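The same chain A turns up in both complexes below, where it pairs with chain B and then with chain C.
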Partner chain A sequence: MTKPKAGWTHKTFMLLLMVYLLLPLAATFLYGFAKQWQTTVLPEGWTLEWVREMFRDARFLDALWTSLYLCAISVALSLAVMLPAVFVITVYLPKWETFMKGLVVLPYAVPGVVAAVGLIRAYSSGPLDLSGTAYLLIGAYFVVILPYMYQGIRNSLITVSAVELLNSAELLGASRSRAFLTVILPNIWPGVIISTLLSFSVLFGEFVLTNMLVGGHLQTIQVYLYRRVGESGHLASAIAITYFLFILLLSTALMKLGKKMNGVAGR
Partner chain B sequence: MKRRNRWMLLGLIPFAIMVFAFQVAPILSMVSSSVHDPKGAGFTFGHYDKIFQSAYYLKAIKNSLLISVFSSLIGIAAGLLCAYSITRFTPKIRDRLLMLSNMTSNFAGVPLAFAYIILLGNNGVFTLLFRQWGWDVFAGFDLYSWSGLVLVYVYFQVPLALLLLYPSFYGIRDQWREAASLLGAGRWQFWRTVGLPMLTPAIFGTLGILFANAMGAYATAYALVGGNYNLLAIRIGSLVAGDVVNQPELGSALAVLLALSTLLAVYLNHRMSKRSQRFTASYASVPARKRERIRLKSRGTRTAEEAGA
Partner chain C sequence: MPYLELKGIRKTFGNAAVLNGVDLAIREGELVTLLGPSGCGKSTLLRVIAGLTDPDEGSVFLGDRNIVALPPRQREVGMVFQSYALFPNLTVGENVEYGLKMRGAGKEERRRRRDDLLALVDLEEKRDAYPQHLSGGQQQRVALARSLAVQPKVLLLDEPLSALDAKIRKNLRMQIRDIQKRIGMTTVFVTHDQEEALTVSDRICVMNGGSIVQEGSPEEIYAKPRTEFVARFMGSYNVLSRMEAARLFGDGIGTAESYALRPESAKLLPAGDADSGKGEKAGGRIVDARIEAVSVLGNVLRYSVSAAGVPLTIDRLNDGHPLREGTSGAVRLALDPSQLLQLEKEGA
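Presenting the complex of A and B:
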């Protein structure tokens, strides 16, 4: 097989793509630190004023906190529900997997707006009036991250050959629950952490469901950003960049973990 | 299942409850609401009828379809070129480039719309610069209308197309290229008769995902044009959770139509990726595929097939 070699055509294509993709990011970044930026290619002066103002804004810190705790609760709930369920299905009910696959693809195929309409219709009246509450949003978030969680946990279980591990543990006299807690869980943990972080970053960027379900009552970072866009461009830039850096940190951690996992699996 | 394992089923109960309450029940409730007669307790197709009679809603559907088709086609074209280019680099550089391109997908939604407003909005940096330099080529460009929306949609379609398409280029073996050139085929002829037909299932499959992605996109359009541009997703949002008049039944009917279109597109992807697997599965060596799959997943590709596979 010939070694891949990139000619100048390919280099140009990639350069163009990168410029196209990174330009909006760079602009937001510059705008967040610019004093004046009107009729020049680069800003005329720099300032940290916007960042300072952002951290002084109580609503920003509130929104950040709301986002963090809503995402954390949803992911924790999802972990608590999905770990046993995926374990039981993968180990004891492999026949159900086809059904599960279909169920888990649904959140991909159903857009956020549609899911929001369904949730509003189901819970805005009747015995279970959850409209505008965090409970409804957490339930919605659970469904959003369902594919990531299911796939992540299932892959980890298969990678560590959970069934064989479980059998050996039982052969050596461990009870089933003990085998799950001391053998299976520590082994799948790295994979589970990856899907947890991924789910967290997906939820952190969620806007549609949040805005439609609880927009008037709870402000997450995305909803807050949406509200501020109309007010001060520089301030909104600072917020967008902070948000982006946070997600970047999260995904870097994700990648590092993923590489580590691959290293372990390859050995 | 052995009897002593029966109690294991208890582990499924919370899962079943959550899925029923927040996934199945809302969909059922939406579908039933879309055929519910607000005046009585009867069953009616009146809401669908109303949609297909109304120029306003038809326009929204048409706009959404057009923008999805356009942005998907542009996304596929750019994605194909870039995917081919990216496979020509060494794996190390390729992975870096892919990482950068995926990174930008975190920037979708409200922040993306905002970045474009800074660049090309009414008082955008480029808008003012071009005006000052007297470049009136861009005078006809309006970020808050059709052309602007297409531009912004394409932005989030290209990285997705790239990510979904580049693995299938590895399915085209170098030996084939050599064989074709030995038999006298030129570069162009090779791509026309061997390369592109090989890629066709992957292209159509990706097209399905891109289309569904654009049809369902709400945040970007909402943040960019608000209610000023007539799009299906935005209409649904304002009918159900709007400030003015709530017409939940009509909103439900529109949402059912939107869901049907995205389900259809995702189904297309599913069928096509089954077909393209026939080509690639036998070729790719196992460790490389495994690595590929794990990396794809850790970056959260939104392909339905990944979720299903």
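Presenting the complex of A and C:
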């Protein structure tokens, strides 16, 4: 008797949670296609006007593209630096892990506004005048995703017992770099893909740092959305939904890619 | 001349000395076991041979070459880990071929060696399976085949059976010993299980606190433990203080501080039967005793008895006529003084 009852509670809870999470999204979606929505529960009429207007605005696609390549460059840079670094620290220099653990929580400890003001002051004059440029933003993005990349890569390495795999490979005659490429990388790849994906989503949604660092100079999708909210709620909803769908498609594609690689790895 | 020789190996981690100048010489084709409790340094010693841990001092000779400064991949040493450490992204066959590939062997040779070795460990039909679809015992056999594929000069086994369950463990250890003998592979086997050590080894080195405390054939190690540590570690030995030994055996037991008595070396006799002591070896002693408890170990019955106030463990063959505790549990114990072993002081 207790089991069906527990199932019922469970289901209700899940349903409430889904409603809580999806209702704002559904409302935004409806609002983006509504002609009139004032005093009724559901909109009185539908229109594609907002979506059309959005796509007519060249700045929208520009902003989307700017965001996309800035995030992609930042994540790629982070991957290129962090993958070898975390590997070396986890496998050969475990003593440094305490230091790294301290380092990766710093982005959480410093509020975005404080970090932005600090960065602007540090780079607005002197030898490196980067204020308002994409370089400064990429640098800041690198720091923002540091915790995700570090934890993700480190956990993957520990899950596959990288040290033992490496020892085995070396005893069988592989050089360190060859061992890394043949037995470590293929096994941690699925985990690394997930971290990359997560980092990308985080950056794509980041607003505070982006707006403060490059808001006046570079139109990213976040900054663009912020500008248009004041003009029309309908238009802003249409942009938000498109932005959301874009991330959804991107995530699904990357997930599929990750699964496919998993399949190759024979799991 | 020894095939593999360790000289004065020392290693400290922080302030803790893990290896205190270990010397060990191994002949070609011999299987030597490093036996000891966890933390005795046996695995560290194995890793020193493999090159995975650098010793602070000492040298490792393989043949007449000092390999202590060489990286693992140039040592021609194979190793099997407790956790198998198979490559999950490769099939069983590719795992076995891996070392040959790294050494630049041709495709033909790789395939031939792979098939030979999978046949040796009896896993031909699993060639295209992935390691995670194999049982623990099968995975460990693949690991064995993988390390043998490159024809190492020495094979190192680091607790290879400890992650397996009892039945498979017994089976696989006989299989490992069989393969080792067949191909004459010089092998160092690390374990904390004395039964395992006794069944597979040509020679056992008992380790404690970073040193080898006793070295000898399984028979020697079992029958003549030199120190109290070895006696206690090798199983159910009764370790007696000088006073306890004197109470059981009288005077003339020598000058040692502690003694060891094997549980099967004393005989239990029914109480009150005056003649039953006859026929015992001259110089044998009969002591009154009381049975405290009996446990059945299968072919052996293990009695906890108290003889002259000294608690002893006595084993008796389970011949279908168990000696039950009587109303008082009173029995008599026939002791043979020649079976009493004098133990040296620790560290002597």
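Quick note on the criterion: the second predicted complex is superposed on the first by the 223 of 267 C-alpha atoms of A that agree within 3 Å, B and C clash if a C-alpha of one lies under 4 Å from a C-alpha of the other, contacts with A are read in each partner's own complex, and residues count from 1 in each chain.
In this text, a contact is a pair of C-beta atoms (placed from the backbone, for glycine too) under 8 Å apart; a residue touches a chain by one contact, two chains touch by 3 or more.
Keep in mind the model is a prediction, meaning the values are calculated, not measured.
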Chain A residues touched by each partner, larger count belonging to chain B or chain C: B
First (chain B), second (chain C), both or neither touched by A:111: first
Contacts of A:173 with chain B and chain C, given as first, second, both or neither: second
Which superposed partner A:87 touches (first chain B, second chain C, both, neither): first
Touched partner set for A:183, first chain B, second chain C, both or neither: second
Partner chain(s) touched by A:160 [first = chain B, second = chain C, both, neither]: second
Which of chain B and chain C A:58 touches, first, second, both or neither: neither
On chain A, positions contacted by chain B and by chain C: 265-266
Of all residues in chain B, those that touch chain A in their complex: 1, 5, 8-9, 11-12, 14-15, 18-19, 21-23, 25-30, 33, 78, 81-82, 84-90, 93, 97, 99-101, 103-104, 106-119, 125, 128-129, 132, 155, 158-159, 162, 174, 212, 215-219, 222-223, 233, 236-237, 240-241, 248, 251-252, 255-256, 258-259, 262-263, 266, 270, 287, 290-291, 294-295, 297-300, 302-304, 306-308
Complex contact set, residues of chain C against chain A: 50-52, 71-73, 75, 77-79, 81, 83, 85-91, 98-99, 102-103, 130, 132, 146-147, 150
Partner chain C, residues of chain A touching it in the complex: 160-161, 164-165, 167-175, 178, 182-183, 186-187, 265-267
Chain B-facing residues of chain A, complex: 1-2, 4-7, 9-10, 13-14, 17-18, 20-25, 27-28, 31, 37-41, 80-82, 84-85, 87-89, 92-93, 101-123, 139-140, 142-143, 146-148, 150-152, 155, 194, 198, 201-202, 205, 207-208, 211-213, 215, 222, 225-226, 229, 233, 236-237, 240, 243-244, 247-248, 251, 254-255, 257-258, 261-262, 265-266
